[in-house]
Amino acid sequence: MTPVLATRGLDKAFGAVVAAAGIDIDVPAGQRVSLIGSNGAGKTTFVNMVTGYLKPDRGTIALDGENIVGLAPRMIVRRGICRSFQIPQLCVELTAMANMLVACAAAEASGLSSWRAPDDDGRRERAEGLLERFGLQRYGDRPVSELPGGVRKLLDIAMALTRKPRLLLLDEPTSGVSAEEKFPAMDRVMEAVAGEAATMVFVEHDMDIVSAYADRVIAFYAGRVIADGVPAEVLRDADVRRYVTGAAA
Amino acid sequence: MSTGMPFRWLRRPTLACAFSLAALLQGAAQAQDSFKLGIVTFLSGPAAESFGVPARHGAEFVIGELNKGSAPAPYNKVGFGGLKIEPVFVDENGGATKQVQELRNLYQRENVDAVVGYISSGDCLAVAPAAEELKRFLILFDCGTPRIFEEAQYKYVFRTAAHATQDNVALGRYMKSRNVKVGTFNMINQDYAWGHDSKADFVATMQQLYPDAKPQADLLPKFGAGQYGTEISALAREKADVIYSSLWGGDLQAFILQAAPRGLFQNSQLVLSAADHVLPSLGEKMPNGAIIGARGAYGLMSPKTPLNDWFFNGYQAQRNVWPVQGAYRITQALLGLKVAVEKAMEQNGGKKPTPEQLAAAMENSEWESPGGKIQMKLGNGHQAIQPIAIGRTRYDPAKKMVILEDIQHFEAECVNPPAHMKSIDWIKAGFPGAKCDGRT
Amino acid sequence: MALAATIVVDGLIYASWLFVVALGLTLVFGVLQILNIAHGSLYAVGAYAAASAVGLFASLGFAPVFSLLAMLLAAMAVALILGPILERGLLRLFYGRGEVVLLLVTYALFLILEDAVKLIWGVNPYYVSEPYQLFGNVAIGPLFYVGYDFALVVLAILCGAAVWFGLNRTAVGKIVLAVIHNHEMSASMGVNVNRVHWMAFTFGVFLAALGGAFTAPMISVQPGISVSVIIVSFAVVIIGGLGSVEGAAIGAVTVGLARAAAVHLLPEAELFSIYLVMAAVLIFRPEGLFQRAAARKI
Amino acid sequence: MSRTAISVGAVGVIGALLAIGALLPSWLLFLVTMAASHGVVSLGILLIMRGGLVSFGQGLFFAVGGYAVALTVNRWGATDALVLVGLGGAAAGLVGAITGPLLARYSGIFFGMLSLALSMVLYGILVKSTALGGSDGFNIPRPTILGWRLEGASGDYALYALAVVVTGVAAWLCAIYTRSVRGLVTLAIQANPLRVEYLGASVRGIMALNFALAAVLGGVGGALTVLALGHIEPTFAYWTQSGEFVFVAILAGPRSVSAIFAASLVLELVRSFSNLYFPNTWQLALGVFLLAVILFLPGGIGSLGQARIWRRPTKGRDLAALRAGEAAE
């Protein structure tokens, strides 16, 4: 079976800094993959290359077997790769509901149907459904500027899910979320993602979260993959303990 | 019952408001014992100092004198035929759209009986059809473009000053009569319609009078440029016998201030089509020997008549400076309007004339003005021709002012096209029908 | 060759004039994020103030050479009076409302100053002829130039050098640069941003007034002189890169040379030359010639 | 407000204005005609402004529309006002469709300045075109509607009615548009263009279309102005004219379509009366008025009791949000 995402020989350098070197990763459908690594290891660069924000110096990225290198982010989104952001990228003056409607409508903002009202064509129902799934329905009428950080984080992910993506990339979904909220928040995310039947790749620093929610862990160091496997194995790996989790010392 | 009762409803605020609103919308009732006159001239912006404000001062002086009845004969009747003149001044600055709007406001909101105004040619072109549309009386007093009555015909619109063609034809004739040598000439004119038109008229005149003269540098600085160093280099680089310019106001002053120290006027004869308005302020900074026009026989070139003495001396006493073009031009407009009003009143039995009666009285009329006789001979009797004078500058240290000498007056028919002929065609055809010194 | 030399000399003289005016504009933009339309009016106020000051000096019997001092003092007086009043009393009220709102506030200010100048000085022209002949004439090849023109070049270089040195080599300048770089952070680090604002604006007013004061001897000071300054100095600042001293210099030289070349070679095109250069620069280098991508300003 | 309510309201307002017009004195009728014709240009700026950009070059389209109409009248003798208004809009829309994709690459003040530079280049070309009357411009005769020549008082009313109906329909369409998918996504672009791109929309494409629509509105405004004024000149493309359009848009505030026309009318009235009562200091009076409005009505005239679209008001925020382009993080 063709993997949802397949990268071959991805290289990327910023001047002398190597951010990616020969990255080969296959992600089969339905898997939940966690990317780990210290700051600057190349996780976010990988996410940015897959979503078209950065163009790799060399190598290919295939979605369902089709090369997507060189496509603009919006074209990649339309093919089914959506993402959330480390710092939530929201329209802070609009209400949470309006943000969701934007997310539901954005890709349709061309052609004649774009003249229809944002609530039409089932968009409001879709937005309400997702807000509910993330437990955010009571924030719908509040402007984002008034919402706490954890809620913004979830809203950011909910927006990425509106398009029923084939592949969902989450950049540090629990950063900025308080310790006691992390697990309930991830439960919400996993439940919602399961509901949309999406394959998921998430960047994460909290190893408890990684152990609890990932099917597979890929560890990055200096732009290379140094370990790849089920969480328990990877987290025991000596290199990972030395370079990533810091538990070796 | 109390007599106040019927008006009790007036105290109710809404109705009172409605009532006063209605009064506002109706506008003030037209008074029968005064003549309300809208006057539009530049009170701000670059043309204020040179033309707009002198025109306003001229209007204030003349209206004051007329309302007192102290102008010399035949203008010694109070106001306009006994009607006191009530001026409403409006600033011309702000563009043609605004002028059309304000013209309508003057007629329809302020209920003026006539409007005298407009210095900018663009404004004149824009407001003329608006007045015609409203069937209200309009006198354009200063703007230069010949296009107004050459491209359209009007019933209610008049221009009481000659258009700009005579300025350049007279300059050419003056140079010819003084045997000024013109092998080559340079030109510097502002890059807008006035500069373009003046240049075209001058070049065409030169082709007739000096067929061998060669035009060289043709510079077109933008309006209001202020800095002419580069242009002066270009003019100096291509030496020519004559430097012609239609610059005016602040631009002309800046050009002279910057060019004189660089010796530009020592090797070339400076020829200016409209420059008397800068003489009082430039004073000793004005180069000697420049040939200048005033767009009429105005100011220091005005004729020696009792009418001119009254105006020149009266204005000077009031403003402490002698009157220049703008002041003269509004004066000839106001006197022409006075003649027309009084003529119309003679015919309608002494009532305030309607715009139709005024237009009929003004058409093809003639009257004396401080700058000479104004004749409404072109544009089916709607466009004036007038005499013009050209002279040479010399700073007189004793009088501490620039004086003009070697002045030559040109009759109106010598420097203006005949009726029904476009000015540029007339020049290019070799001035057919021109009458100079009483000869054709 | 002679023609090329003439174009360069003419272009540089014009560029010097542009630079003095544009420098204040770019500085104010860098520090306050305001594209100040009233900059041209402040230039006009400077010219009028210089006319009054030079007249006063002459009537007090000072030698003509002191007229330069009079012009400098006039520009300083304008800056010290108008700078704090306008920044503290007016512009401050609109901070945080966006570039466009501030742009329109300065447009309203431009309208107000236009009439205020008329109310103070009237419509009659003023001349400041004393300084213009101080430096005699200079012959370059077959052409004569007024020595004062080259004094303007020196003034421009002095202004540029002073601002550059002040920003990069003094403690105050480094604080100003910090504010330009990041308002919030410098405020949190204890920089008195308010003080930097009014000082920078006052200095911008000073440069505008200085430009007007030193132009006054070459022109007739009268209503309407402000308008023509606004758009050309905007063009210079945009071409050079907003908020950059070096950019203002490059922009001024570019515009000066382009205009001089147009006047000498293709006078028909003089009217557009500046806008064409501006459009071309924006199309190929949207941030201006001297703005490195994401570089700090000034 | 639902779209149906807006449509009903639009018909009602247009009808009411047509009725009121019959009672207005002639000078005010003309002033309102001008205010509507200029307001529709500012309406275009509103469309762009909701996406976070401000154009300082709408005079370009105003002039293109106006000159297209005036030249058609004078060269080919077409006189039907409805056809001419459509033509003005189409001509400007064409220019907007060409310049839009180019300009949509720019953000913030650079967008504003490039649009300004383009309009000034057109201004320069027009001043140079002696065949078009150069800086003096030229006049056109009064138009016709369905063969009836618009003259005198009834003609004034017909031109007023034309302006009211055309701008009313344009405003109605804009109100619908701002409440559409595109309208909402445009608002999102103002706040966070990066995110919008990551939701699958083309920010440049949407802004280019907004720009083209604004160009059409600019051309329609130019056409209406020329028909009522009977005169056109290059100052239509001058920067002060463009600046005035921006001013009206800011005066109105970003929320409301109808506020644009109120703002345009207020500006015309203030200018007209200050010009009459303070002929020597009308600019000063106008400047003080403008400052006062910006200071005391931070949300613009539209913030005076207006239905909010998709957002809660936070004091003074709307205009801060005009700060073009930058993603709010």
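Just so it is clear, A, B, C and D label the chains in written order, and each chain counts residues from 1 on its own.
To be clear about the criterion, a contact is a pair of C-beta atoms (placed from the backbone, for glycine too) under 8 Å apart; a residue touches a chain by one contact, two chains touch by 3 or more.
On a predicted model such as this, the values are computed, not experimentally measured, just so you know.
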{"item": "Third chains touching both subunit B and subunit A", "value": "D"}
{"item": "Taking each chain's C-alpha mean as its centre, the one farthest from subunit A", "value": "B"}
{"item": "Subunit B-subunit C separation of Cα centroids, rounded to whole Å", "value": "36"}
{"item": "Length of the line joining the C-alpha centres of subunit A and subunit C, rounded to whole Å", "value": "51"}
{"item": "Cα-centroid distance, subunit A relative to subunit D, in whole angstrom", "value": "42"}
{"item": "Per-residue overlap in subunit A, given as positions that touch at least 2 other chains", "value": "none"}
{"item": "Interface hub residues of subunit C, defined as touching at least two other chains", "value": "114-115, 118, 268, 271"}
{"item": "Multi-chain contact residues (two or more partners), subunit D", "value": "127-128, 280, 282-283, 321"}
{"item": "Chain contact graph, described as a line, ring, star, complete graph or other shape", "value": "other"}
{"item": "Inter-chain touch pairs (all)", "value": "A-D, B-C, B-D, C-D"}
{"item": "Sites on subunit B touched by subunit C in the complex", "value": "44-49, 53, 191, 217-222, 224-227, 229-231, 233-234, 236-237, 249-250, 253-254, 257-258, 261-263, 281-282, 285"}
{"item": "In the complex, subunit C residues that touch subunit B", "value": "3, 6, 9-11, 13-14, 17, 114-115, 118, 123-125, 127, 129, 132-133, 137, 142-146, 149, 215, 217-220, 222-225, 227-229, 259-260, 263-264, 267-268, 270-271"}
{"item": "Complex contact set, residues of subunit D against subunit A", "value": "3, 176-177, 179-182, 184-185, 187-188, 190-192, 194-202, 205-206, 310-312, 314, 317-318, 321, 327-329"}
{"item": "Subunit D residues within the subunit C interface of the complex", "value": "54, 102, 105-106, 108-110, 112-114, 117-118, 120-121, 124-125, 127-128, 239, 243, 246-247, 250, 280-284, 286-288, 290-291, 294-295, 298, 316, 319-324"}
{"item": "Subunit D partner contacts - residues on subunit A that touch it in the complex", "value": "51, 72-74, 77-78, 82-83, 85, 87, 89-95, 98-99, 101-103, 105-110, 113-118, 142-143, 145, 159-160, 162-163"}
